[in-house]
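Next come two complexes, and both contain chain A; in the first it sits with chain B, in the second with chain C.
The block that comes next holds the complex of A and B.
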């Protein structure tokens, strides 16, 4: 990945993420997060993991973002009976906490000498090999994920169904 | 050429952004989006470590990233169902309203 693409994608990623944090309208926030997800998929592709990039686009844009924006539109607060509970203090405290976590992570990353290594010679992940590994070595995790997703969807339907009171 | 610490730093910044969203916002759905951004930072770490690993042909990071994405999808489907349920009780998706244990 060349440096220009990295810098542009990084700026777009952090800017759209920050937009999701600070935009006042929840719909705008959700759409800004969609831009962040697309940028993340492009980063994966630039790193050589094309399959993960496309999976990211399909799952996050096709499913997660649609679901989230739908939920935002479905759950408009009818009357804002909650007064703004010291919103400025909350925002400052949240931003400071996030900044402290970022500083700790950056110190740890840039002080560990074992991370300074060259990229391997192979820069691609062929889909055929991924599929073969999923069907042979990682068959049990794949089946477990299938059971987990089924259980999650059944649980979601049970939670959200109306006639269980 | 981009080094591994540069990618990890970008991933750390994305994680901090997601954490900031989860801490600042009160809308439960936006908190979930922040959690998804933190998941995304983890996936970016997996892919970066795969790219810079001494044995990239094993594809371990790629498979780990795939399973992580699947778990994130399962998590947000259940989470959004819970948010809908909370909205039905309190008529608002804001988590400050859901401060009682009895329904």
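The block that comes next holds the complex of A and C.
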């Protein structure tokens, strides 16, 4: 992968991720998160994983981001009276949470075997291979996810219909 | 190439004309001693310029054509003052749009308000890059072509939401909410319809899909997907969803002027408004281009003896036919109500979309022949009949009443 592209996308990713965390307006931070998702998808594409990159765009922007933005819109931040910690305690709680998440990520990254592995050759037809693997080796997880999603769908319909009557 | 193309040299040379033109310009630059990276850049720019200019020209023509057709349907004359038959009307409109004052509401979120019209035009342009315009004429050959279309078209929803939210206007916001809900709901049948073609072709590449529709049954009938039971149902679903996705009548209620002024575009004026307008037409062209590539044989000629006409002419002719149908529908059907729209998507089109997948699988397993026809029809017709019966049980349209002018 091109080093310049990697650095540019990395800067954009960090900037938009930071924006998502620090921007005052919730809609702005939601849209900033969208930029981060797009950049992540572009990183995947630049690494040659076109399929993963486009699926990332489709799922995270088409579904997750839209839902998040809608949720932000339907909850009014200025009118909420949620119990809130005092500023100092809030900062400490935030720092502790962020530190724990960072520690967990770092442990996971440094224990991962892929750090010591040589990068393998890029597959000729990754999409076909992904499909092949999903339908043979990983058939059970795929079916399980299918059942789970169906259950979620039925549950959503049930919730919606009982609220009506 | 058939033998006929040899006898009509004009058409034979036209087939490769766009590629030859590009090669000629590049060759000239190479002779002038330009460096290799520059040539690559020019090559990319030439492709972009090609489809950019063609589609913008088509947009200009469509805005004139649409008004003429609507006028014809409504027994009027339509634009007839600027130029012959009003042909220069789009240019007058363009000048008007460019010289209009750009109004931004005081309370608006200025940055997002300005970003939305730019973002909304992006998906159409990105998706143009992967359309197979003719034989060997796909600007960007992507292995996952159809995924790109669905991935970038999600940007439309965000742009509409941004436009509605940033305007800080209740009509804008309501219109945007409606538009996003509508686009979200009709994205599903669009993807389901396209998935059936992916299943049959075994590839996500548009070029492979078009090539799979080549050849003729019994030497005369084109081998297009639309001429199969599942393909016909999927094409109908795809076209209906495409109309809804691009906010065309009868699904143009996000901008229903009687209730919402102009929906998410209410607070836009001048060229920003024009960008929304352009993106709507370009979106229609692109989605019709995908419908042509997926179901109508792409650049394949409809009859074997017509193959002497260049492939890209066929592609654009088919797109224009579909766009004409969309205009015809606009002149004919009233706008649907918002709850009808949602019910139609979730309770009728999406269940049928799942059955189209079943039907396509049966068609593939039954050998894609006469047996496939017999076996793949019931999974479509039985649910269709059952749903139509179930939903129509409590509905009485009353007798038809004619009222004549006296």
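Assume the second predicted complex is superposed on the first by the 112 of 165 C-alpha atoms of A that agree within 3 Å, B and C clash if a C-alpha of one lies under 4 Å from a C-alpha of the other, contacts with A are read in each partner's own complex, and residues count from 1 in each chain.
The rule is short, and it goes like this: contacts are C-beta pairs under 8 Å (C-beta built on N, C-alpha and C of every residue); 3 or more make two chains touch, one makes a residue touch a chain.
Just so you know, these numbers come straight off a predicted model, no measurement behind them.
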Which of chain B and chain C A:127 touches, first, second, both or neither: second
First, second, both or neither for A:24, with chain B first and chain C second: neither
Which superposed partner A:48 touches (first chain B, second chain C, both, neither): first
Partner with the higher number of touched chain A residues, chain C or chain B: B
Which superposed partner A:13 touches (first chain B, second chain C, both, neither): first
Touched partner set for A:66, first chain B, second chain C, both or neither: second
Touched partner set for A:57, first chain B, second chain C, both or neither: second
Contact residues common to both interfaces of chain A (with chain B and with chain C): 51, 55, 125
Partner chain A, residues of chain C touching it in the complex: 112, 142-144, 147-148, 150-152, 154-155, 157-158, 161-162, 165, 180, 184, 187, 204
Chain B residues within the chain A interface of the complex: 1-10, 12-21, 23-25, 27, 29-30, 32-34, 36-37, 40, 43-44, 47-48, 50-57, 59, 62-63, 65-67, 69-78, 80-85, 87, 91-94, 96-97
Chain A - residues contacting chain B, complex: 1-3, 6, 10, 13-14, 17-18, 20-22, 26, 29-30, 33, 36-37, 40, 43-44, 47-49, 51-52, 55-56, 59-60, 63-64, 67-68, 71-72, 74-75, 77-82, 85, 90-91, 93-95, 97-99, 101-102, 105-106, 109-110, 115-123, 125, 129-130, 133-134, 138, 141, 145, 148-149, 152-153, 155-157, 159-160
Partner chain C, residues of chain A touching it in the complex: 27-28, 31, 34, 41, 50-51, 54-55, 57-58, 61-62, 65-66, 69-70, 73, 125-127
